[in-house]
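Structure record follows, encoded as structure tokens.
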Amino acid sequence: MIRRPVLIAALAGLALVAAIASLRFGPVDLSLARLVAAATGHGDRIAAIILLDLRLPRTLLALAVGAILGLAGAALQGYLRNPLAEPSVLGTSNAAALGGVAALYFGFAQMHPAALPLLAIGGALLSLALLFALAGRSESPLTLILAGIAVGTLAVAGTSLALNLSPNPFAAMEIMTWLLGSLENRSFQHVWIALPCVAIGMAMLLWNGRALDALTLGEDAARALGVDIGRMRLRLLVGTAIGVGGAVAVSGAIGFVGLIVPHLIRPLTDRSPSAILLPSAIGGAALLTLADLGVRIIPTTNELKLGVVTAFLGVPVFLVHLMREKRLW
Amino acid sequence: MVTIALERVGVALGRRAVVEDASAAFAPGTLTGIVGPNGAGKSTLARAMLALVPATGTVRIDAADAAAMPRAELARRIAYLPQGQSLHWPLTVERLVGLGRLPHLAPMSRLSGADAAAIERAMARTEVLGLRNRIATELSGGERARVLFARALAVEAPALIADEPLASLDPGHQIDAMDLLRAEADAGALVIAVLHDLTMAARYCDRLLIVDGGRIVADGTPRDVLTPDLLRAVYGIDARIENGGDWPTVTTLGRVRPGA
Amino acid sequence: MMRALLAAAATLLAGAGALWAAAPGAAPSPPTQPKRIVSINLCSDQLVLALADRGQIAGLTINAADPQMSGEAAQARGLPLLSNSAEQILAIDPDLIVGMPASRSAPLAALPGTSYPLLDLDTANGLDQIYASIHQTAAAVGHPERGEALVGRIQRQLAGLGKPGRGRVAAYYQRRGYMTGTGTLIDEMMNRVGLVNLANILGKPPLSQLSLEEMVAAKPDFLIVESATDLVTDQGSEMLHHPALRDIPRISVSEAWTVCGSPAYADAARSIARQIERIDGGGR
């Protein structure tokens, strides 16, 4: 266990380094001097556009999306008392993607810019409500994961169907981006969509620290310790939906961040659910920013999708937990 | 100081009535045992007192309706030790006992010196100070039960409801646990415990509620309520009850066969 | 973009030169005025529509009436549109099948025992090939004089264009950052109005991908985009509306005019020239 201020400072430092690296590297090689000049407003026009219009929004989105995914994973794990719970494993991200797809491809997003995040949030909310209804009270981790697979598969099928029904001849390519996630070519317009949602979602999730701790003892004991379980469930549901929905609306469904980060953070804390919330948010921001840096640096003809990188990191963590849980099943 | 009163309380789980028409009042400084056969509704009755299950009738805590009382308020008045608690995260013993202070924490505040002192007292009373830095999920059954007991004591509420606190304890630790409950009551707390061991209940409790089929079928001092007729009716056993010593002892002789 | 890829693939397959009546046992030449012409390619649709009588046309592709894709969509309305199905072709029993190329199309491959008169056209990567296709189609449908007239009209339209591009650099930028390179119809069109293709300067192949950063760094004088991407309808088109590109003047051309080597070539070239003049006029 590391002392909490030290842990938070170290993670914040890592996120900062990742963010600076993300601003530093891209397909066009710009010298540090040119970037610094652009950042201070004395640079040439091209460097300024590349830094401020392309790399900066992308970096901010990587930090914000990573933070909400990490935090949502930590909070859902605490609530469901299951280290495998996470927005993508539970199908929430895919359901949000379905909402985003519906907004974009059936023209709602053109009627009003808020339609995109709102439909994504709606999709996430619906999937979480369905999931909690199916398996929220079950003590078995297997029930929850199976219910998550059902919800997620349904959402993926819905996304494919929506794209095939939409009058878009490029559906296959678009499906890939929505299901694997990418921050390529994002602009400040996307930052303004995602950031308010992520901020609201984070506030609602961070609020639950103590209630989640009490839940370590089970629902009855938690209620007897003064926790209003119904309200906490509502905060978690709505907070996760708003945060993840807003993030997925601009990035697509990026998997496993909420699984990897709490898994790495937990041993560094006292292992209580409240202790991993904020560190998971900061760690998630750092992880996704590094992953997004990775997809730019790994030389591929088409830029690698972010979900590919996070899946390579996340699936081993998932398996470790599965092996550990096996005896329960 | 706190009082609890049940007024015609009923609980239905699904369509089945688990507790029916239960009325009783509990005063500070007494240790009350709730006994009865498996499935009689003992735990549900205890949970109804904490407003953990939707109930008909009224549960009054210091004359206020428990159902309308804010949860945090209720949590500060009655500590609850649920039955056979499972622990979901591998917390240290000290951190786990500290959860008992949650009802006292103001929003966004940290544990104060007073909280830390309460945690120390609770750990000292259940003799788990030496386990302070151990991981609670890795303890033996007896150690874990004492740690969870300490968690309930750390609330330092004027009332304590313990659901089968003796389960998974060896005879020595059972006596330790009952001594602790007795000491709580002697110090002025209102203590209610769901128990299975009739002799243990008779030895330590000031008062016993016998629950059968969801109803309170007897309510009084152990000497008054523990009769062979009652045990035959409620448990279906033949028992010998010796009232000669400091407390009544119950020896089970055999099962009453239906029609025999 | 997908269609551009398909067109590129077709070019590789077809090689150079038109193959006449390639199916085994086909008649050496089609009848002088075929009565049941079927076109099985979007590009040959447009040639058939421009050169044959309506009464001669027995079938066009499903996309022929789509104004986003076909330069002759208005004329195609009311004519039978076929999905890519061998059954429909059997039912029509055409006396001429026009394709690009026809002999390698999937529905004909499904009909190995039949032989219809075929006209194989080349995918056009230059104006000369467009003229050749026009002449071939005009002859095959029995109206060679219409071919002469059409080629003459295109030549007159192009002659009046001038070179408003004045050697400035333009990039033909498509969904998801695909850029059209040299050896393409687009490239020739750019040269014709006096523009230099950015892909040529960067040494890129006929179809390449260029990130937004690279595009900003290359700072072309114009971006030529497909008018279908003028509205953001998905993530692929959203990219072309990134604020980082806001300072580069934009020329929008309907893909229906450029996807095929068709008579619409002249319309596309004229539209580009006009838009350059408008940008120059408004910018000063």
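Which chain is which? They are A, B and C, in the order written, and residues in each are numbered from 1.
We adopt the following convention: a contact is a pair of C-beta atoms (placed from the backbone, for glycine too) under 8 Å apart; a residue touches a chain by one contact, two chains touch by 3 or more.
In this text, all values refer to a predicted model and were calculated from it rather than measured experimentally.
Engineer: Among line, ring, star, complete and other, which best matches the way these chains touch?
Structural biologist: line
Engineer: Point out which chain occupies the most central position, where each centre is the mean of Cα atoms.
Structural biologist: Answer for the innermost chain: A.
Engineer: With chain centres taken as the means of their Cα atoms, state the distance from subunit B to subunit C in Å.
Structural biologist: Taking the average C-alpha coordinate of subunit B and of subunit C, the gap between them is 84 Å.
Engineer: How many Å are there between the centre of subunit A and the centre of subunit B, using C-alpha atoms for each centre?
Structural biologist: Chain centres of subunit A and subunit B, defined by C-alpha means, are spaced 43 Å apart.
Engineer: Mind pulling up the subunit C residues that touch subunit A in the complex?
Structural biologist: Interface residues on the subunit C side: 1-2, 175-177, 209, 211-214, 216-217, 219, 231-236, 238-239, 242-244, 247.
Engineer: Touching residues of subunit A toward subunit C in the complex: what are they?
Structural biologist: Of all residues in subunit A, those touching subunit C are 26-28, 45-46, 49-50, 53-55, 104-105, 107, 109-110, 168-170, 173-174, 177-178, 184-185, 187-189, 301-303.
Engineer: If we count contacts the way the header does, which residues on subunit A are in touch with subunit B in the complex?
Structural biologist: 81, 139, 210, 213-218, 220-221, 223-228, 270-273
Engineer: Inside the complex, what are the residues of subunit B that reach subunit A?
Structural biologist: 47, 50, 52, 71-76, 78-80, 82, 85-92, 95-96, 99-100, 102-103, 105, 148, 151, 155
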